[in-house]
Amino acid sequence: MLPNWILEESVRRALAEDVGTGDLTTNSLVPVGARAEAVIYSKGAGVLAGLPVAARVFHMLDARIKVEEHISEGDLLKPGSIIARVEGPARGVLTGERTALNFLQRLSGIATATRQLVESIAGTRARLVDTRKTTPGLRALEKYAVRTGGGYNHRIGLYDGILIKDNHIKVAGGITRAISQARAAVPYIVKIEIEVESLEQLEEALAAGADLIMLDNMPPPLLRKAVALTGGRVPLEASGGITAGRIREVAETGVDFISVGAITHSAPALDISMDVGEIKKSFRESG
Amino acid sequence: MLPNWILEESVRRALAEDVGTGDLTTNSLVPVGARAEAVIYSKGAGVLAGLPVAARVFHMLDARIKVEEHISEGDLLKPGSIIARVEGPARGVLTGERTALNFLQRLSGIATATRQLVESIAGTRARLVDTRKTTPGLRALEKYAVRTGGGYNHRIGLYDGILIKDNHIKVAGGITRAISQARAAVPYIVKIEIEVESLEQLEEALAAGADLIMLDNMPPPLLRKAVALTGGRVPLEASGGITAGRIREVAETGVDFISVGAITHSAPALDISMDVGEIKKSFRESG
Amino acid sequence: MLPNWILEESVRRALAEDVGTGDLTTNSLVPVGARAEAVIYSKGAGVLAGLPVAARVFHMLDARIKVEEHISEGDLLKPGSIIARVEGPARGVLTGERTALNFLQRLSGIATATRQLVESIAGTRARLVDTRKTTPGLRALEKYAVRTGGGYNHRIGLYDGILIKDNHIKVAGGITRAISQARAAVPYIVKIEIEVESLEQLEEALAAGADLIMLDNMPPPLLRKAVALTGGRVPLEASGGITAGRIREVAETGVDFISVGAITHSAPALDISMDVGEIKKSFRESG
Amino acid sequence: MLPNWILEESVRRALAEDVGTGDLTTNSLVPVGARAEAVIYSKGAGVLAGLPVAARVFHMLDARIKVEEHISEGDLLKPGSIIARVEGPARGVLTGERTALNFLQRLSGIATATRQLVESIAGTRARLVDTRKTTPGLRALEKYAVRTGGGYNHRIGLYDGILIKDNHIKVAGGITRAISQARAAVPYIVKIEIEVESLEQLEEALAAGADLIMLDNMPPPLLRKAVALTGGRVPLEASGGITAGRIREVAETGVDFISVGAITHSAPALDISMDVGEIKKSFRESG
Amino acid sequence: MLPNWILEESVRRALAEDVGTGDLTTNSLVPVGARAEAVIYSKGAGVLAGLPVAARVFHMLDARIKVEEHISEGDLLKPGSIIARVEGPARGVLTGERTALNFLQRLSGIATATRQLVESIAGTRARLVDTRKTTPGLRALEKYAVRTGGGYNHRIGLYDGILIKDNHIKVAGGITRAISQARAAVPYIVKIEIEVESLEQLEEALAAGADLIMLDNMPPPLLRKAVALTGGRVPLEASGGITAGRIREVAETGVDFISVGAITHSAPALDISMDVGEIKKSFRESG
Amino acid sequence: MLPNWILEESVRRALAEDVGTGDLTTNSLVPVGARAEAVIYSKGAGVLAGLPVAARVFHMLDARIKVEEHISEGDLLKPGSIIARVEGPARGVLTGERTALNFLQRLSGIATATRQLVESIAGTRARLVDTRKTTPGLRALEKYAVRTGGGYNHRIGLYDGILIKDNHIKVAGGITRAISQARAAVPYIVKIEIEVESLEQLEEALAAGADLIMLDNMPPPLLRKAVALTGGRVPLEASGGITAGRIREVAETGVDFISVGAITHSAPALDISMDVGEIKKSFRESG
């Protein structure tokens, strides 16, 4: 699901910053020809995301390392779940361990946080969407982790969707003018979403032809009125300060989307480890 | 404290992924000549880190934007604290907002988590150090945030320090041989740290001349014995599963360093916002 | 309108390929301290696009070169129109000439071809949009030239819009299933456009809730029926083999958009030249 | 004929700008394990150029895609000519289609325009050469297309040949001084070409020892006199405003080279398409 | 021993600067299908370093070229020693020759210069270490060549070790304060080395707890006193103006390390050549 | 004389490899606001080359550092000659020292070695030219140093000149066929040089119309015969094993060019140092 070159560039950057000019410890102690077998497993409970990235880490270090998947992306992990088996030249296996785990832990952390909220709103019409509050440099990967966790992606960046916020409204001179100016500049190819803070603004946005409306920081009763007022004409997105404790209540108001920044910016890492078995010192291979 | 080109490359990558081919909303609604004034402020309590990165975001979008610092890196933030004032061409101010905040929120989150633990161990001889469990691609920035929060950096990557772990020990054929092999390969320029799991291993490591010893997952009573046994000959680092609740107890055992991965891999973002004041549509500037 | 780093990277690449390790002729014959004044002017008639790119070429060679704009982006050029005056160190002015003109000629060529079609359909409801048939590596710039010429941009790439073509429909098992699968995967954030080849397909697409419908290679009478059948429910885009000679007829069928690949893939360059006046050999400047 | 890394970098850039963070349509509708077979064919008549570039597009997306060449670079295409057969994982085939065709269409367009002029001057001693009027960022590929079309390359950039133009002559203080200064700076390794506008200038250039002389914007009768005057001492290049209609007349004057910018800057794309056959949904492959 | 991506990036840059847009000579004269066999051999005596880099040069040009190693890295070369046999498509073999040899000659030159000094001090306790006086852009490779020649690496750069020089001492206000400030900033993870110029400074540095001490430009009798005074408490490094003629005398003073910049900044290239045997013009291969 | 972006990229790479994530020593000991004044001076005798590169090193670290040139590129240096004065924020001055000197020492070493040979052949018609035997990644800079030392550049790489060597001759089937094949492929734009080893080959090359002829490894008496035989028809280049001791004798044979690889591949660094004066701890500057 992730383009080849995004994977490659992300992994190369991560390895360059960790390994730099070489792994002093492994190069000092592990013979070139030694082989290792290792198991990546979960110490916590959650959702797996990032295994293809971790596999790429090992492959970029040494194309001969094999990563055999035991569990698929998006599957549930319990403490002790075996995720994958890694086998090949021991230097690459040991040198890649931390970088591979750093990707896995972060992406699985996001998928796990996403899945928890998705389950909280199960049975409602609401879908969980992410925001642009991602770690700088990792957006494509983090948005992939959200999808893997069962969430949906909002726009990727400023270039693939229009979201008119209060400041834009003020500059444009009101909601109606903002929508019509945006429509004139970027006709019908891109959806125009606008942020509203009251039912009056919602009515104006509906009348002005917004494609999507974000209800900013509205309490559930107000959200419910907004849903009623809109009557299904356009999808509604609830946004702002929505915590795990409140999300079900928000979902039950009938909104179509709930966006939560915390699933990317504050998801704790999922605890994932690698266990290296016996390392065999074999003879140096030719080649 | 961060080299120029690391700042520049990190910011360029972050902007490229967020702004891409252009900010559709701002370019549709905000005139080229308009000017904006904005205030970056904290909504939570914590430690500021990342303001020079945020400033660079705005400068890379438009060199005419001014960022005036109200609080210094490492200072305490309370809800409502004004961090900086941003002023200049409105397009750049609005387009840069999210990327600037993403850096600030993550780095301040790390500084805040660091400070909390640093304060927990105040008065002991222990110092808090970070690990290599950082977000892929952001290590230099995250290690800077740890320093800003009052912590210390462990090695940056695999290239600037030796840390002999259990797998390396097994390959080398024991602690003594591992240390002497590493010493032979990388004589005295780099410190050699080794991970031990028992007092027996500790004794062997001391005898073998380790420069630093990591006590892996030892409970406080054992740590205390390790400190006594070592008698100040080399610094000791406690590591493994040390939570906020347990860190004081660990620090009081007399160890020199405590390393905690969670300050980088699981620190929640600090809540920081930008408030844009009136946007003035001025005439288009030449140039 | 173009992000800073896209400009910078495009210009750097263009200069690197043209100037390489240095301009042998200019470095041999023009003293370091000489200054030149030059005029960029049009030899053909058309629409100006790309002046900020050309200016960046000179600035990247020598930050002291001044480029004074005489005509604005999007303005009409007649044979002889003065576009800009370039003044500064002679080496940079001469070395940058060809690269600056290559950008200007291509982008103005696209803006000119766009404007011609835009004028052909003036007075109808149809708007001209571009396609992904752009020169590899220049998409952002070429799409900017289309906007400058009065056209509109369709999606930028495969990542910011959904366009379901016949192959996708076949794999999905029909129009209805294709649209509902796409909707399920990428809910309401991105518009879903689908390509249809008959009125039956159009009806199915309308019923299935497409946001935009592309009418592929339909002759004007059929387009007219499609417009009638749709009744304004969603915007319609005519596409496929639409030439300058036929575009008015297509526009008069009532479609909302007409996409034409030729404005980017086959626009001839607009003939633009630079005339260098007297070059003054001054003394070498310090610095 | 094109170095590996130029191909790779050009293709990577093109894919990055088109596919970005992922092909939303294909990823939504085409199963991971599906396989497709497609045929690339010509809809117009012309000369094939760029197939290795197109093949690289598919290989960079998915190394398992096979591209089987049916016609060789430089061969003639008629409407309906099968160029290549593409077979492999369906996602890669569909995602790469447009980028592969964009390269093929542009490069074949250039080869076709080149071949037309080459044929116009067949039987004369004149050879067609290109200029530096290429699309920024694509020079190596476009010069390759010129060679493929039967033309010859002039210098690649400012770094691999000396071409003294009127401005350089003015700064140097005349043709003789310009040539001798250039000769002194860059002795005999690089040929020195100079642009002349009259027979007097031609005589001076010959006397001063130019290696090549460009006859700028001379009408055929004057070209003929220049050829006679030169008497084969150095090759002569006719340049400036030479159209398809006039090129034969120019070639018959006896000049050695005719340079034409339009073969690169204004060649229309050759119409080339891809036809995807049945897509088979197979089971997901391990991998 | 060298990370994959460092090899790859160094080789790519070297090939790009040498081959650029293509090898005009080889492409003109050697058929695509021709195959060549060549032998890389030494014309001088020395130590081999850089064969994996040379092999990568050929592989990056054409993955089908085989490089068969006859002598291992670090082995001695005599005039006439066969280093490797290169076999494969003739274009790649000829195009890569110079770049491959440039790497081999420089790295073997450094390994050779290193080995000579290492042998000069054989039997003493001193070890030869390198400095940061390396060719810009080649540090990782040059430090690898030093190791291959039997030397040891000092710190790689400014980021992985502390070396307090006279200017730092002056700013800090003396040796004791400099060491304690450095210790406070970067506690025990990194060794702190300090440069001293007299026995008084040495005593102060020892008292202040330096981990390593560099004795700057001290004549052998003074070095001997420094060794006695230190009594093995910390390792001592002699540095400054140490030539081949003097190094043995320095080593015999009992210092632990001797650093010599000349092994990297002034090592002459080792004379290594490639001899191409018969080139067979075979038929063009498919693929 | 060096394009901006080559300077910038070379310096950025050099700084990144030396400074990495930060200068631990300077950042620990030198306050942010401190200012330093330093003098760059020569400890050996030679020719200055690379000062603009060194200046760029400091500017890239801190744009506020001023580098005031005392001696110009290409001027003679004696032991003690002051080259430049560097003044500005102390951190940047100290952090940049080594990288700036590494460039200066290597480039001045090459210019010095070049000048020595240039002087050895003064009064003859021969000119000294360089080869492609340069340090990988530094070709443009090293060729600049050769020019600065009074030498001339041969072709920059494989792409800007044709040099037919023995292997090419064998593949082509003889000198005459090789020259005519090359001429057909790359008509008159690029000079064709061919390597000959005997007077018979020389005669054939002259008859076949070579533009330049390289006399490979010929002893002076044979060179003299070659010069006589050629009679000034084309320039002749002596090449192969020409040392400082033999170069005058070679030059006196009447050849036009003498190429020597050692001026780039084996030039020892020129000894250049930086002396830092008092460092003033001022107050932290705003900004």
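So that you can tell them apart, the chains are marked A, B, C, D, E and F in the order they are listed, and the count of residues begins at 1 in each.
By our rule, a contact is a pair of C-beta atoms (placed from the backbone, for glycine too) under 8 Å apart; a residue touches a chain by one contact, two chains touch by 3 or more.
Just so we're clear, the structure is a prediction, and the values are computed from it rather than from any experiment.
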item: Maximum centroid distance from chain B, chain identifier (CA atoms); value: D
item: Maximum centroid distance from chain E, chain identifier (CA atoms); value: C
item: Centre-to-centre distance between chain E and chain D (centres being mean Cα positions), rounded to whole Å; value: 43
item: Cα-centroid distance, chain A relative to chain C, in whole angstrom; value: 33
item: Computed distance of Cα centres, chain D from chain B, in Å; value: 50
item: Two or more partner chains touched - positions in chain D; value: 19-22, 27, 139-140, 156, 159-161, 186, 190
item: Contact footprint of chain A on chain C as seen in their complex; value: 127, 129, 152-156, 159-161, 186-191, 211-212, 235, 256-257
item: Of all residues in chain A, those that touch chain D in their complex; value: 1-6, 139-140, 143, 156
item: Footprint of chain C on chain D - complex, ascending; value: 10-11, 13-14, 17-31, 34, 36, 90, 94-95, 98-99, 101-103, 105-106, 109, 132-140, 156-165, 167-168, 170-172, 178, 181-182, 184-186, 190, 261-262, 265-266, 268-269, 276, 278-279, 281
item: Chain E - residues contacting chain D, complex; value: 12, 15-16, 19-22, 27, 60-62
